[in-house]
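Labels run A, B, C, D, E, F, G, H, I and J following the written order; every chain starts at residue 1.
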Amino acid sequence: SSLRDRLPVQAPTLFEAKAAKNLTFEDIAKQLGRNEVAVAAIFYGQAQTTSEDAEKLADILGVDKSKLGMQLAGYPFRGQVMDMPPKEPLIYRLYEIVQNYGYAYKAILNEKFGDGIMSAISFSTKVEKETDKDGNNWAIITLRGKWLPFSRF
Amino acid sequence: SSLRDRLPVQAPTLFEAKAAKNLTFEDIAKQLGRNEVAVAAIFYGQAQTTSEDAEKLADILGVDKSKLGMQLAGYPFRGQVMDMPPKEPLIYRLYEIVQNYGYAYKAILNEKFGDGIMSAISFSTKVEKETDKDGNNWAIITLRGKWLPFSRF
Amino acid sequence: SSLRDRLPVQAPTLFEAKAAKNLTFEDIAKQLGRNEVAVAAIFYGQAQTTSEDAEKLADILGVDKSKLGMQLAGYPFRGQVMDMPPKEPLIYRLYEIVQNYGYAYKAILNEKFGDGIMSAISFSTKVEKETDKDGNNWAIITLRGKWLPFSRF
Amino acid sequence: SSLRDRLPVQAPTLFEAKAAKNLTFEDIAKQLGRNEVAVAAIFYGQAQTTSEDAEKLADILGVDKSKLGMQLAGYPFRGQVMDMPPKEPLIYRLYEIVQNYGYAYKAILNEKFGDGIMSAISFSTKVEKETDKDGNNWAIITLRGKWLPFSRF
Amino acid sequence: SSLRDRLPVQAPTLFEAKAAKNLTFEDIAKQLGRNEVAVAAIFYGQAQTTSEDAEKLADILGVDKSKLGMQLAGYPFRGQVMDMPPKEPLIYRLYEIVQNYGYAYKAILNEKFGDGIMSAISFSTKVEKETDKDGNNWAIITLRGKWLPFSRF
Amino acid sequence: SSLRDRLPVQAPTLFEAKAAKNLTFEDIAKQLGRNEVAVAAIFYGQAQTTSEDAEKLADILGVDKSKLGMQLAGYPFRGQVMDMPPKEPLIYRLYEIVQNYGYAYKAILNEKFGDGIMSAISFSTKVEKETDKDGNNWAIITLRGKWLPFSRF
Amino acid sequence: SSLRDRLPVQAPTLFEAKAAKNLTFEDIAKQLGRNEVAVAAIFYGQAQTTSEDAEKLADILGVDKSKLGMQLAGYPFRGQVMDMPPKEPLIYRLYEIVQNYGYAYKAILNEKFGDGIMSAISFSTKVEKETDKDGNNWAIITLRGKWLPFSRF
Amino acid sequence: SSLRDRLPVQAPTLFEAKAAKNLTFEDIAKQLGRNEVAVAAIFYGQAQTTSEDAEKLADILGVDKSKLGMQLAGYPFRGQVMDMPPKEPLIYRLYEIVQNYGYAYKAILNEKFGDGIMSAISFSTKVEKETDKDGNNWAIITLRGKWLPFSRF
Amino acid sequence: SSLRDRLPVQAPTLFEAKAAKNLTFEDIAKQLGRNEVAVAAIFYGQAQTTSEDAEKLADILGVDKSKLGMQLAGYPFRGQVMDMPPKEPLIYRLYEIVQNYGYAYKAILNEKFGDGIMSAISFSTKVEKETDKDGNNWAIITLRGKWLPFSRF
Amino acid sequence: SSLRDRLPVQAPTLFEAKAAKNLTFEDIAKQLGRNEVAVAAIFYGQAQTTSEDAEKLADILGVDKSKLGMQLAGYPFRGQVMDMPPKEPLIYRLYEIVQNYGYAYKAILNEKFGDGIMSAISFSTKVEKETDKDGNNWAIITLRGKWLPFSRF
């Protein structure tokens, strides 16, 4: 199914208001007190909002509070938006990093932490921009997850 | 096919020597002057070595230089080791991050940099360990890629 | 690839010794001090052993300690044994339970715990047998996982 | 296709009434005399209702009896709601348990019961919440299925 | 993987002995006291034998009892032999019957029995040959499974 | 796509009229002079009707003859309704029988008939209900297909 | 798996003898009294031989009769050689014809014959070469199958 | 997606007019001066029409010329109508012929023509009906494609 | 999902205006100062426009500037239009070139440039037509991408 | 299956001799009088050699003529080497170009040539290296295929 069909109900409300107000995710994030990746994730239905978040968002974007509140109520159905493997080139590059370096990450993480995983739930992430002395831009994505050792049973 | 079948020819040589010498990837990385993720990637056939790297590696691991040199000659066939979606829980968590946050990353990266991608080739990565005040361990994976704008043509 | 090809190196050693000694997983589990599901998972390369576990296992099964120790060293590559969807009728029934009741579990867990997941890592499981008054046997599988709330960021 | 398209006809009626009445699945389950997982499964079209259930549900939720009766008449088309592998992280964890421990469960169940399967039809399940002394929450999912031996023919 | 790789260990022993003795499955079935489909299923690792079956089979086929006994010990890993959708035309026709008449069977079975399934475990099957008055041959496959109603919980 | 989208145009007309008239497939089949499985197959667009069938059906169900006639005109596009592997547990059991016993059926059919297939076109099927002395219900599905030998050329 | 692994046991015997004797399929077909496509299909394990065929083939190719006889005994497992969609460009073109013209063929065949199929079992095929007046070569593949009407039941 | 969704815009116009005028594809083909398979392919959006064809078709079918002209303008998006493997039994038989005889066709075509392919573009096809002396009907499908040798470079 | 569903919002606006104005992509490209492939890519939502491009396009095609501006604002979701493997014969040929010559390209590019990739982002492409002395037309597609060496880390 | 398993029989002979002689594909191509991409394609079993090519290759590489002649005899089974989608980053970029620009290429090619395809058989390709004034390297891949109009029939 098309991306449009897979977007959550709040997506059109949020994206249209953001475009109308000419706000960046960074602007919204600052006012909301959350990270800009989390804000974009809310737009795409991949992160939860508290009812306080929902109210603030409605204020920031100038949309109807009760309508947005209802759209954001409940628990996200994460992962529905993306068809894997990703066809979008930007997102594919991240997928390719997992494909190419996955076993290397596992080897290093096991060596450093033992038998377990880096949580994707007790987890945060951020995106930064760096410009080197030659004027090249670099994107830096940081993934920070709690280490969960496998239980012994 | 099984993981064993998909490993490159150098993998048994390298893993056995590493186990025999009781070295960590971090140890090898320090002696080789490369990042430990890159070293693990070499073991899994996902990163290239210069002939100098190959010689040093042979020294560090105490394996036959010409044999290892021949095994590491040529260009890696990246990606062959991994079947997607990854079944290994640790690696799946990274895949899940792409699945859940992929569109959010795209939104933020486009907002910060314009139309383009973060390169997975002009790219480096590292893994760090952090222990918080409650004694919990956190894994931090940093992805750093050059920003490539789409050419206008 | 066939199941045989996907089994880890220790599998033939362990299964043959178990058959020769005519031991059940329950017998081994009691002597090892672990749950019988964990023991079977070790045989299939899905759970880690400490070096102490490995030594005890060698004793219990009467196999060479250093050989088994080497086979069990390192970190398991979980998930490699199973092709999904499972073709084995017994295992398919578990898969079907996830397929049929997955959204119902999510609804109930979110209602009881909020936004998060039941960990499959900080996790234990057991299998019990019950015979009802009509002589019918019932299998009871218990899944117990730590609740991990999604981090707010 | 999107989750919305795959939901059964009764889903919007039921979910909206539940939200309007601010009832939990647990509340409804108590009044209906069924398990809360079964109630959520009814909402998602994965479990059947008797006509008595349908009437009671209409009462509990304050919706039109004949409309709901017609929506719930007939036999469920189970499994249509879920695309496998599940993308939702919470549901994926259950899938991962099957992927990782499937053969171990088979080994233990065969050992305890002989050649057969645990039924997913003569089957019930429940979800419980446990808080340990450190204040951590644990989810416990119990699967209870009749043992069916393979017929000899 | 090829069919050969997916066959169980007993398959070459059994098929070669059957060819050498020039026996049909029907011959073996009569001597063994089981249905010929079950006998073929044993050859392909899809049905279990008791130790008495294994001994009788060894007698009938003139193979080493202890070798065959060991090959047939344990529980079958059913379903591994077949890649779906089946490429073999004969087997594909059965698959096509499920594809084309699946919903019709469900409608009729629900109408006759209520909400449940026909078991494939408490199940037997047989194949018969019929020649009509014009000399045409007809194959008749009978599937007989216990009806299992969904538990109410 | 959802089951609803894949149903043929006649399906809503027929199912609604059947429900309104409170008729079983068996009732309709008797009046129409066809087997009940064939009748259900017509509802799901998997079997053809003659124009006489269409008229009789309209009579039996009390629907507009010319409308139903047009909906049933033309040739069925068989197989479109089912996504394989089937997710519906009842239908999956039939699929599982093919997966588990496919090669056994082939072995027995080849032995009895030579090189060829059982036709799924020159084919009929029926469903019967049997209750054993312990009160258990059994479903019996009979598949009867013409044997087609491979042409020699 | 690779093509080599999927070839039947007789393939190396037959192809090597054909190459050694420098015979074309056409040569062999003439001597064997069968069509050249059928002969190639025998080499690839897609068509059955009578024991007379097997003897003649052994004569024509100069191979050991009893060895070839045993390799060709039993019933072919058709379809195992090909992975679909075909990657080989020549074979893909045939696949593409089915993909592009499949519904058109159905429309025309239904119009000419009614509701049914063209058998692929009561079936023969041949390949011809034609050179037009401009010196272009044309391949003509003829498919001839018995028309099987769907049974009315 | 369903077949209906994948049909091109002209399909409803054409099929309804054909039904209303009670014309066969053969009738239309004769009047249009094209093969009936090509005509059906136009209905399904798998073949191009010249503007002259479009006008003639509008005449033959009695539909609005400019509307049909616009619907048929542009270049067909071939292949969109069919989901592979085909579920329709008639079309599956053609697919099965490719699956079973693909390598045999390649062997014979390479032997007759050298290294190359039979074009599916410089290509025509036709369907014929033959009745043998026993009254059996046979369908004959002829595929005629230009032979294209691989370029040497 | 169908191609229509996957097209971006601007597609109908642009294609209809192009048809109404009877312009080729080449005409538009010349006026816009971009390559015709890039122009077609804009129509299909695979390339970005500057706001200046959007205004010019609106002028060239005679459509409402603010409507088109809004439709073209934001960043393209590349890759959504195509289902892989491509079913369209023209596009499949390009896919087949990658399938057949992929490893050969890699071998030559590694030999000429070292370890790295040809960028598909710092990339341009064009299509040319050539007619040889025999009157045959040839299509020439040029792919020009920046060489990106893998970073050493 | 792994890349190693999918390589043709000649691959080890050729690659080892090339490494031993320290020759580039360009060197070999010049001596053989063919394009370097074609030479690499021969190594990977994707292009045919004449017997003269095979002899020359044996000379150039210093390998046994009759052995290489036999390995290169017969017709290539193209496409077997590559699993799609390609996991190798360099090859994936080419795949991505088809995915992103496929419909744009079709639009432009149809506009320039009419209804047809660019042949991948009557086809040649080459790779060039360009260094711009800033010292950046660019790879240029040229695809040149004969235009084949769809036959009218």
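We adopt the following convention: a contact is a pair of C-beta atoms (placed from the backbone, for glycine too) under 8 Å apart; a residue touches a chain by one contact, two chains touch by 3 or more.
Fair warning: this is a prediction, and the values are worked out from it, not measured in the lab.
Matching residue numbers shows that G-I is the pair in A-C, A-B or G-I whose interface repeats C-F, with more than half of the contact pairs in common. Averaged C-alpha coordinates give centres for subunit E and subunit F that are 23 Å from one another. Subunit E and subunit I, compared by their mean Cα positions, are separated by 54 Å.
Look at where the CA atoms of subunit G average out and do the same for subunit J: the two points lie 29 Å apart. Subunit F and subunit I, compared by their mean Cα positions, are separated by 47 Å.
Among all residues of subunit F, those that touch two or more other chains are 1, 5, 37-38, 47, 78-79, 82, 84-89, 92, 96, 99-100, 106, 110, 116-117, 119-121, 123, 125.
In this structure, the chains touch in the following pairs: A-B, A-C, A-D, A-I, A-J, B-C, B-D, B-I, B-J, C-D, C-E, C-F, D-E, D-F, E-F, E-G, E-H, F-G, F-H, G-H, G-I, G-J, H-I, H-J, I-J. Only residues 85, 87, 89, 92, 96, 99-100 of subunit A touch subunit J when the two sit together in their complex.
Only residues 34-35, 37-38, 47-48, 75-76, 106, 110, 115-117, 119, 121-126, 148-153 of subunit B touch subunit I when the two sit together in their complex. Put simply, subunit C touches subunit B in their complex at residues 1, 5-6, 73-74, 77-80, 82, 84, 120-121. Of all residues in subunit C, those touching subunit E in their complex are 1-3, 5, 19, 86-89, 92. Touching subunit G in their complex are the following residues of subunit H: 24-26, 36-38, 40-41, 43-44, 46-47, 78-79, 81-82, 84-86, 88-91, 93-113, 116-120, 123, 125, 127, 129-130, 136-147.
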